[in-house]
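Below: one structure in C-alpha cells.
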C-alpha cells in the first residue's frame, strides 16, 4: 500500500512526460489523478494510523550499507502526506488555469509530480538514508521547477541558488545521517528514534547535530541561509504556493520533528535551534515589510514563519512540538492561499509590484475577500487559524523554564515578530486591495476562471474552520501527528479560541496595535514605496560564485596550460619526491665494487658517452643529431655484444637502422633546425633537473648491479632445452616461457603499423623544403642492392629458422627481411617497388597475428593452456628427421607481423601525399577553421 | 593429430580457459577485422558486434566463476607461474573485465553511428584496445602488465587520432609523449625490481619482498616509488593529471567514452600491485604507498573539481570529472580498509559507466548546438533539448553523487567506510567537492539547456542523433541504474573482492598451488 | 664495468630528460630515444654484467652439454625483456614521429604546444 | 698467453683506437658527408671488433651480428646520403 | 626452366650462401637451400629494373684475381700515403668515358674502382656515358683513365656484353 | 705447423687491425672529405677481410672446425662498400664540397650532368 502510494506520483509523472502531445486538460487531469488517488489510499490507511499503529513495509536494498527501502507511516508522516497530497490536488487544479496556453504543461506537471513523489517519499521513509535520498530528490525537482521559466535570468539564477544552498545542506545532512547510522548501528527510523539517549551521549553528537541542522536550516530557509527562498519566487506561482509555502520548505522542520526524539533535549540543541529560529523569525518578518513584490513579501513572511516553527522545535517541550506541528498546518493553508491569490492578481493585472497595485477590491471583489481573510490569518487575527498557533507560541515563549535570559529574549522576539507580522500583512492588504487604483496596468481586470478560485476558497475556508472550530477540524490531525513525534508523551493541550485574558492574548492584542502603528508610521515617515533594499544574500552569493569561478579558471588554466613541458616537469618532480630519499638511503646502505672492464669496453663506453653528449650539444641541428645518436645506438648494441647478449645486439642494430630511416623520412616534413624558444634560465633549470634524475637512475642502477641476485634464471636455463626444445634460451623465453609477452609485443608492433597507416593514408603534408634535382632510381647503387636482395632474404630465412638454437628468431629475421626491402624503396622509389611487389602489409599483420594466435590455440583444443609448446620429429623422405617445435609456428606469426608492421610504417611514411596544389597553404594558419575544425 | 572432442568436453575446456579468453578473443577478432576491412563497413560491424557479444558472455562467465571464491590462475604455456606468465582471475579482475566489456559495447554502438567510417582501422583497433585492457586487468606478471599497458596505449593512440586533425593532433602528441615517458619509467622500475628480487611474477615478488634483505629495502622502495609514479600518471593523480583534460576532451566521443576506463587501469594497477606485492605480506614495506596516495587523492579531487568548475567546454568538464572520479577512487583504496576498497570498486564501476555516458551525451549535445559546439561560455541553440536534457540530467545526477543513482550509493559507501582518524579530511573534501560538482553541473545545464535559443534560420539543421547513439547512452545510463537497483548483490561482490585483495597470502598460495598440467612444477 | 655502465645509464637518462624538456617535437623524440637506450641498458643490467657467456646452450669439446647454470651462462630473462622493450619502444617512436609530422602539418609549427589555444 | 693471444689483444687495442678516431670525425664534422662517412666507418670498425671479440672468447656466437652489420650496415649510409641528395629518401 | 630459374648465377649464389651459413650439407638443408635458390631470385627478379645478360663468364675469374691482387697492393699504397705527409698528395677528379652500356657492367666497374685503392667512383652521368672518379693521388689524368679502362673495362665488356 | 699457423694468424690479425686503424686514422688526419673517403672505404674493408681470414683460421685451429661463414661477411662488405662510397660522394658533390671538373663532352651540348654548384649545407 505504501509502495503504491509512493509510486503514484512517479508513475503519473512519467505518463505525463511521455504524453507531451496530450491536451492541457488531459495532462492536468492525469496530474491531479495522482494526488487524488493518493488521498484515497491515504484514507484507507487513516484508521490504522489514527489508532496509533504504524503501517510499515521493508524491502531490502543494500543490506551491507544498512540501506533498505523501508516505508513507514506514523502520525507525523500521515499529517505531512495529507498536506502534500491535499494541497497537491489544489495546486494542480490552480495551475491548470494559471499556465498560459503556450507553456509546456506536461513538463510542468511532470516536474510537479516528481516533486510530489520525492516529498511523499521523504515523509514516509522509514530509513534515514532513504529519507536523505528523497530529501535530495526534492532539491533536484525543485531546481527544475524554479527554473521552469528558463528564459528568465532570475529563474535560472534562483534555481541554481536554491540548488546550491539546499544541495549543500543535503550533503551535510547525508554526513549527519551516516554518522547517526554509525553510532546507532542502523538507519532504520525505529532504531534511530529509540536510540536518542545513546546519540545524545555519543562524542559525535555535536558533529551529528551540526550536520543535520545544516541540512534542516538550509532547506527551511533559516537565517543565514534564508536568502535563496525569495529568489526562488522566480518560479511559477503554483510552484511557490506548493513548494515554498506548504511543502518543501517544511521538509526542514519536518525533519526537526522527525528526529526530535533522537536529537532534541540537550542544551546545545535548545540554544542553537531556538536562537537560529528566533533570528530567522525576526529577519524574515522585518524584511517582509519592505518588499514591493507580492511574492517577495510572502516569501519573507514564509521565512519568518519557518523561523517561528524552528524556534518552537528548539524549545523542545512536548507542548512546543505540538504548537510547531500546528503552525506547520496553519501556515500551509493560509500561505498557499495567499500565494495563489498573488498569482491570480499577477495573472489578471500583469504585475505583482505593490507600488503599481491598489484598490483591487473594486476589480476583484471575491478574490480580494479571500486574500484579505488569508492575510489576516497570517497576521494572527482571532477567529483565524494563524491566531491559535501564534497564541500557543507566545505562551510557550513566556513559559521557558530554567533559562531566564532565554525566556525574556524569546518573549521579546515573539512580540516583535508579532508586530512585524501584522505590519507586513497590513501592507499586503492595504497596498493591494485599498488605496488608489492600479497604476500602469494596461489590461482589463476581471475575476479569474471559477476553477482557479476554488483552491483558494477551499484553503480560506479551512483557515476559518480551523480558526473557529479547531476541535472539530484540526484536532484529530494534530493529535495523530503529535503522537507520531512524541509517542505517549503527548501533553494535555486545549485548542480553544478563548483561554481568558492572559499574557499571550495581551501580547497578541499589543502586536496588532503595534503592527498597525508600525505600518502607518513607516508609511508616514519614510515612504515605504521608495525603499530599495538590496538583497545582501544574493549579492554575497553572486560575488562568491563569481569569485569561485574566476579563481577556479585562473588556477586551472594556470596549472593546466596545455604545455607538455609542464606536464613532464611534474612527472619528474613527482619522481624525485617519491624516489629521491630512498635512493639516497640505498646509497647510504653501501654499494658493491665494480668488475674490471676490457679495453674494447672502454672504447665503446667512450663512444657512447661522447656521442650522447654530442647529441645534446647538436640537438638543434637535427640531421647532425641524428647522425650522432646513431653512434649511441651502435655503441649500445656493442655493449650488448660484449655483455653476452647477441640477440639483443642484433635487434638493437636492426631497429637502429629502421629508426634512422623513420627519422629521416620524418625530417623531410619537419624543420631542419630546432628554433630556440626557451631562455637560458629555463635551460639551466631543465639541465639541473635532468642531472638530478640521471644521477638518481644511474645510482639506482649501480646499487642494483652490485648486489647479489637470486633469480629464476637457473630454472629457465635448465628447462629450456628439454621442455622448450631450444638452445637459444632468450628465444625460448620469447616464444615459449614468456610467449605471451611476445604476443603482446607483436600486437603493439602491428598496431603501430596500423596507427601510422591511419594517420598518413589520407594526410597531405608539405615537405619542409623541396630540393631541386631529378627524381629517379640511382642506377649503380640500385643495381648492387639488387644483387644483395636475394642474399639478404636467404639470411633472413637463416636467422628465422636457426633462431631457436642460435641468435636470431622471428623478430630479427622479420627486420632482416624488411631492411633490404626498405633499401629497394630508397633506391628504386616506392611506386616502382609497390607496382612490382604488391604486398598488402595490413593483411600481412592480420595474418601474422592469426598465425601466432592459431599456434597458441592449437594446444587448447587438446585441453592444454594457450601457447603450450609441442615438439615433433617427423620422418621425411630423403631429408630424414626434422625436429620441429611448435614455437616455429608462433615465430612465423612474429615474423610476418614484424615484417608487415615495419614495412607498413616505412612505406606509409615514404609515400606521403603532398598537399593539393590549389589548397596549398604556405603557412598553415593554426586558427583558421580549416585546420582547427575538429572533424565533424 | 585430431582429437575427438565431444560437446561437453569442449564446454569444460572453454571453462578452464576462461581467464585467457577476454584477451584472446578481441585479439583474434581484431586480426580478423583487419582482414575483413576490404569487405566493407557492414561486415566489419557485424564481426565487431559478434565479438562484443561473445566477449560479454565470456566476461559474465568470468565474473560468475570468480564469484565462486576461487582465484583462478591460468598458466599460459603451461609453465609454472614463476617461470612463465600466469593470468589471474579473481573477483577484482573479473569485475573490471566485465565493466570494460559493457562499456565497450556501448561505445562501439555509438561509433557505429558513423565515426567508424571516418576512422581508418577503427574496428580492429577497438578490439585490440580491448585486448590490451583485459590483459592489463588479468595478468599476474608485472612485465606482462607493462606489455598490455602498451597494447592498450598504442591502440588508444590509434583510436584517438585516426580520422583526427588539428588540435587533436597536438593533444595526441602530448598524450603519447607523456605515456611513453611513463612507460620508460615503468621499465626502469621493472628492471630495478627484477634486479633486486629476481622475479616478475607478482605473487613471487610479493613473497620475495617479504623476505628481502634489510639492506635492499631502500632500493626496493625507490624502485616501487618509480612504479607508483607511473601508475599515478596513468590514473591522472596530482601532480600527474595535467595531460588528461586535453587528451580526453579532444578524443572522438566513442573513444573518449572508452577512455573512461583507461584511468581506471592505473588505479587498478596501484590497487593490485600495492595490495599484493606491498600488502600485508611485505614485511617492512607493507602498505608504504598509501600514505602518499591519500593526500594526493584528496588534492586531486579538489583540483579536478575546480577544473570542472572552470571548464569552458562540455568535453573539458567531463574530462575533469573523470579525473575527479579517479581521485575519489584513490581516496577509497588508499584508506586501505575492506569497506573502503569495496566502496572504491563499486565507485570504479559506476564512474566508468557514467563518465562514458557523459562523454557520449556531451557529444550529442555538441552536435545539436550548431557552430557553438560545446562552448560553455556562450548560449546557443540546441535541438532535441528535452531528450538530451533528460540524458544529461541522469548522467549529471549520477556523476555528482546526487541520489538516487549509483554515484550516490558509491559516495555513501565511501563515506561510511572512512576510518575515524581520516573522517575529518576525507569527509570535508568529498562533501565539498560534491557540492562544487553540483554547482558546475547546474551551471552547465543552465547554460546549455535553459539558455537554448531558437535555431537560426541561416544555418542548416544538424542531423538528429541516431538511434544507435541514443541507445548507447541509454545503455550506459541503464547500467548505472542497474547498479543502483542491484546495489545489494553488487556490494556483496565488491566486499568479497576487497577481502580477496586484503589477503595477499591467498593469492600467493594460489600461485604456488596451481601446477602445470603437463610439466613438473619444478625440475 | 658496473660503474661505467651505470654512469652511461645516468648520462643517457639525463640527456634524454633534458631533450624531453625541449619544446620541439624532434628534440622530444631524440630525448625519448636516449631514454629508451638508458632503460634498455638498465633492464639488461638487472641480469648483472657477464662477459662472454651468452645464454645459448653449448656443448663442450667432448660433445657433452655444458651444465645450464648461471656459472656458464648469463641470465637470459632480462635479455628477453629488453628485446620486448626495444620492439615496443620502436613502435612507440614510429607513432610519435608520425604524430609529430602531422602536428607540424596541421598546426603549422613543430613546437609541441603548437596550435594550442590553452584549455578549452 | 700465446702469440696469438697477444696479437689479439694488440688488435683489439688498435680497433678500439680506430673506433675513437671515427668517433672524433663524427663529432667534429665539419660537413654532413664527413659525419656520414665517420658513422659508416664506425660500423665497419664494429665488425672488426666483433670478430676479434669472438676470437678472444673462442666463440662464434657473434657471427650473426657481424654478418648483419656487413650486410645491412650500409643502409644507414645510403639513407643519410640520399637525404642529403634529395631530402625525400623514398621517392 | 627459364621461368623457374630466373637468374642462375644468383640462384647459385643463394645456394652457396645457404650452405655456408648453415655449415651443414645434409639433404634437408640442401633441399631448403634449393628451394630458396629458386624462390628468392624469382622474388628479387620482380624488382629487377634491367635484366642482366652474361657473355663470357669465364673472364670473371680473371677479373676477380686481378681485382684482389690490385686491392692488396694498392691498399698498402694508400696506407703509406695516409701515414705519410699529406701535402705531397694531389687529389683530383677525372671523367672516365664509358664503353660499357650494360648497367651491370657499369656497376661492376664502378665497384671495382671504388674497391681498388686510390680511386672512388663518385658519380655516373644520367646518360651513363661518363663515370666521375675521384683519385687519391692524381698525377696524370689520362694515364689513370687509360689504366682503368685497360685493366677492368675490357674484361667487363666480355662478361657483360 | 701449428706454430707457423699461429704466427700466420697473428700476422693476419695485426695486418688487418693495422689497416682498420689506418683507415680510421685517415679520417682524422686528412684534410678534406674526398681524401678521407679513401681510407675507410678500402683500407678498413680490407682490414676487416684480413681479420676475418684470421678468424676462420683461428676457429679451425682451436678445433671448432672449418667455418667458412666468415667469408660471407667479407663478401657483403665488398658488395656494400662501393655503394656507400658512391652515395657519399654524390652527397658531397651535391652540397658542393668539391666542384666537378667540366664533363669532357660538355661543349658538344650532350645531356649535361647535374649542376655542379647546387647550394647545399
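By written order: A, B, C, D, E and F. Residues from 1 in each chain.
In the analysis below, a residue touches a chain if its C-beta (ideal position, glycine included) is under 8 Å from a C-beta of that chain, and two chains touch if they have at least 3 such contacts.
In this text the structure is predicted, and so the values were computed from the model without any measurement.
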Message: If you apply the touch rule, which chains end up adjacent to both chain C and chain D?
response: A
- line: Higher number of C-beta pairs in contact (A-D or A-E) found for A-D
Message: Based only on mean CA positions, could you tell me how far chain A sits from chain C in angstrom?
response: 41
Message: Distance between chain E and chain F based on Cα centroids, please, to the nearest Å.
response: 14
For chain B paired with chain D, centre-to-centre distance based on mean C-alpha positions, whole Å: 48
Field: Contacts with two or more other chains, residues of chain E listed in rising order
entry: 17, 21, 110-111, 121, 126
Field: chain A: positions in contact with at least two other chains
entry: 556-557, 560, 562, 564, 568, 598, 602, 626, 642, 646, 665, 667, 697, 701, 704-705, 709, 711-713, 716, 718, 737-738, 741, 745, 748, 751-752, 755, 759, 773-774, 778, 780-781, 784-785, 787-788, 791, 795, 806-807, 909, 931-932
- request: Specify, in ascending order, the residues of chain F that touch 2 or more different other chains.
  value: 18, 23, 25, 37, 39, 45, 67, 69, 72, 76, 79-83, 86-87, 89-90, 92, 94
Query: Quick one: which chain pairs are touching?
result: A-B, A-C, A-D, A-E, A-F, B-C, C-D, D-F, E-F
Statement: Given the complex, residues on chain A that touch chain C span 556-557, 560-565, 568-569, 572, 592, 594-598, 601-602, 605, 608-609, 612-613, 615-616, 619-620, 622, 625-626, 629, 632-633, 636, 639-640, 642-648, 651-652, 655, 658-659, 662-663, 665-667, 669-671, 674-675, 677-678, 686-687, 689-691, 693-699, 701-702, 704-706, 709, 711-714, 716-718, 720-721, 727-730, 733-734, 737-738, 741-742, 745-746, 748-749, 751-752, 755-756, 759-760, 763-766, 805-807, 811, 898, 901, 905, 908-909, 912, 923-927, 931-932
Chain C partner contacts - residues on chain D that touch it in the complex: 57, 59, 61
- request: State the interface residues of chain A toward chain D in the complex, per the touch definition above.
  value: 598-600, 602-604, 606-607, 610-611, 614, 623-624, 626-628, 630-631, 634, 637-638, 641-642, 646, 649-650, 653-654, 656-657, 660-661, 664-665, 667-668, 767-771, 773, 775-776, 778, 781, 785, 788, 791-792, 795, 799, 806-808, 812, 816, 819-820, 822-823, 825-827, 829-830, 906-907, 909-911
- prompt: Which part of chain A faces chain E closely enough to touch in the complex?
  reply: 774, 777, 779-780, 782-784, 786-787, 789-791, 793-795, 797-798, 801-802, 824, 828, 832-833, 836-837, 876, 878-880, 882
Field: Contacting residues of chain D [partner chain A, same complex]
entry: 9, 12-13, 15-17, 19-20, 23, 26-27, 29, 32, 35-36, 39, 42-43, 46, 49-50, 52-53, 61-62, 64-65, 67-69, 71-73, 75-76, 78-80, 82-91
